[in-house]
């Protein structure tokens, strides 16, 4: 576990950085941060790539759904009032945002138990999507929730 | 506050969604979620756009720095061991990830007090960048921290 | 939903505070914050009290387990090094702390979907307890995890 | 850093647990989790005890304020509606809950930068206390916020 490869402790900084880059690229959870800078675009397909791609997609879906639900609840819904601040609806929007964040964090940290959290997240996202549909003018939020639910289900 | 514009309660779903879209596009914190799908790309410049753009950039910088620090700490550093799991370093990486998350959440929810949180975040990011530099092979993480620190400073 | 009882909008501040106090005491998730000040001690048994008590206990168990795991991981384990910073162990301690926090937040906000999150939390707590047992000198942390797991299971 | 005392690797489980207990009792952030079980009650005064006691109090104040704000916002305010779900007020309650959580986590993990986060937290708590006072029937929440603000200020 604590073994340090010589190349990293004695190598030049750029060699060490290359070593770390290889680690991240091979890591099952690699792409989340790198993907945002397009660094993964040129990567070669590799064994385990399929799984890595699915998890990267799920991390991105969770982060996007978190941002969408939190921002919509705390800005659009609160400003609009009425049924948009109904207890059941606003609670669900904020619960959904929080669990998406936690699911993303479990996957980013490569937790072997991420599947259980993603399963719970998928259910909350689906409930939130239904609530957005009932409200009526939250189509984008509903779609983000459905996308995240589907991606999370693929992790269970 | 609780006033509902007629167009939203009586309008067609697509009219209501268009109304919500306008709200998000005009909102100071708008772009975070939308930006990730490129939906803002075609937007016209508008009053307040400058500020919105800076905050959108800060939200993105915080989310990226959160993902990078958490993923690097929980995967690369923990697997590598040695000085990568030194108490001061790992603590800083994880603290940085958490405060970036909280700063992003304050901005996403349009908190008038986001500047204070961003100020604290900038300091933690700078300390984390220094620690990454000392370790030596965490260049990408260091750069993400410096980018986030700069973006957060512009919010204070 | 949005009905305001006359007593609250027109009553004296103390009457309004009494009204709010009654709400919290009758609320299914009431006791968490109040319990810490002993305010619930003199409460009369009431219908639904059994459920409220179980959820209050689960909230407290999650908050205690969160504090214990985070503090132990970030101080004792990081300072001690060796197998205490093994990747699988430290990851589990920190994942456990985070999910306990999220479970507590779902219960504090009275989410109808708290059972799903508590179910996932129970599993993570049990895995963390096993890891603490393997390490050997983390008995208190293991006991806190087992207590939380049991309490969370009762919510599913 | 990674030095393991012989007593812990070779000692009996109870000796190892006693060693860990001593670490926690001497740790600057010790008391948070232990305090909840009363384990610190019989502790002897010791050098650094003053500081440890102040930080323990701040951790507890943050955790209590987090629970109180989140629970009140998501239950009492959402159910009551009207000015209780005013955008500025509800946003502040939820922002306050989140930053209290983050401040507690920084102190639980013994971050050397906890003072900056506690400073921001104190400001948000004070703003939340003022908003609770304006609403009128949120006296307990206001008092919890003021208590937390004072405790956080002592950490800066």
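Just so it is clear, A, B, C and D label the chains in written order, and each chain counts residues from 1 on its own.
The definition used in the following text is that a contact is a pair of C-beta atoms (placed from the backbone, for glycine too) under 8 Å apart; a residue touches a chain by one contact, two chains touch by 3 or more.
From a predicted model like this one, the values you see are computed outputs, not experimental measurements.
Visitor: Please work out which of B-D and A-B is bridged by more C-beta pairs in contact, and write that pair.
Guide: Greater number of contacting C-beta pairs: A-B.
Visitor: Taking each chain's centre as the mean of its C-alpha atoms, give the chain farthest from chain D.
Guide: Chain centre farthest from chain D's centre: A.
Visitor: Suppose each chain is reduced to the average of its Cα coordinates; what separation in Å results between chain B and chain C?
Guide: 28
Visitor: What's the distance between the Cα centroids of chain A and chain B, rounded to whole Å?
Guide: Taking the mean C-alpha position of each chain, the two centres sit 14 Å apart.
Visitor: Just the number, please: Cα centre separation of chain B and chain D in whole Å.
Guide: Chain B and chain D have C-alpha centres separated by 24 Å.
Visitor: For chain A, jot down the residues that touch at least 2 other chains.
Guide: Within chain A, residues 1-2, 74, 79, 81, 85-87, 91, 94, 105, 109-110 contact more than one other chain.
Visitor: Residue numbers of chain B touching chain C in their complex, please.
Guide: Chain B residues touching chain C: 74, 78-79, 81, 85-87, 90-91, 94.
Visitor: In their shared complex, at which residues does chain D touch chain B?
Guide: Residue list for chain D touching chain B: 1, 86-88, 91-92, 94-95, 98-99, 102, 105-106, 109-113, 116-117, 119-120, 123-124, 127.
Visitor: Quick one: which bits of chain C touch chain D in the complex? Just the residue numbers, please.
Guide: For chain C paired with chain D, touching residues are 1-4, 8-9, 13, 16-17, 19-21, 23-24, 27, 29, 32-33, 36, 59, 63-64, 67-68, 70-72, 74-76, 79-82, 85, 101, 104-105, 108-110, 136-140, 144.
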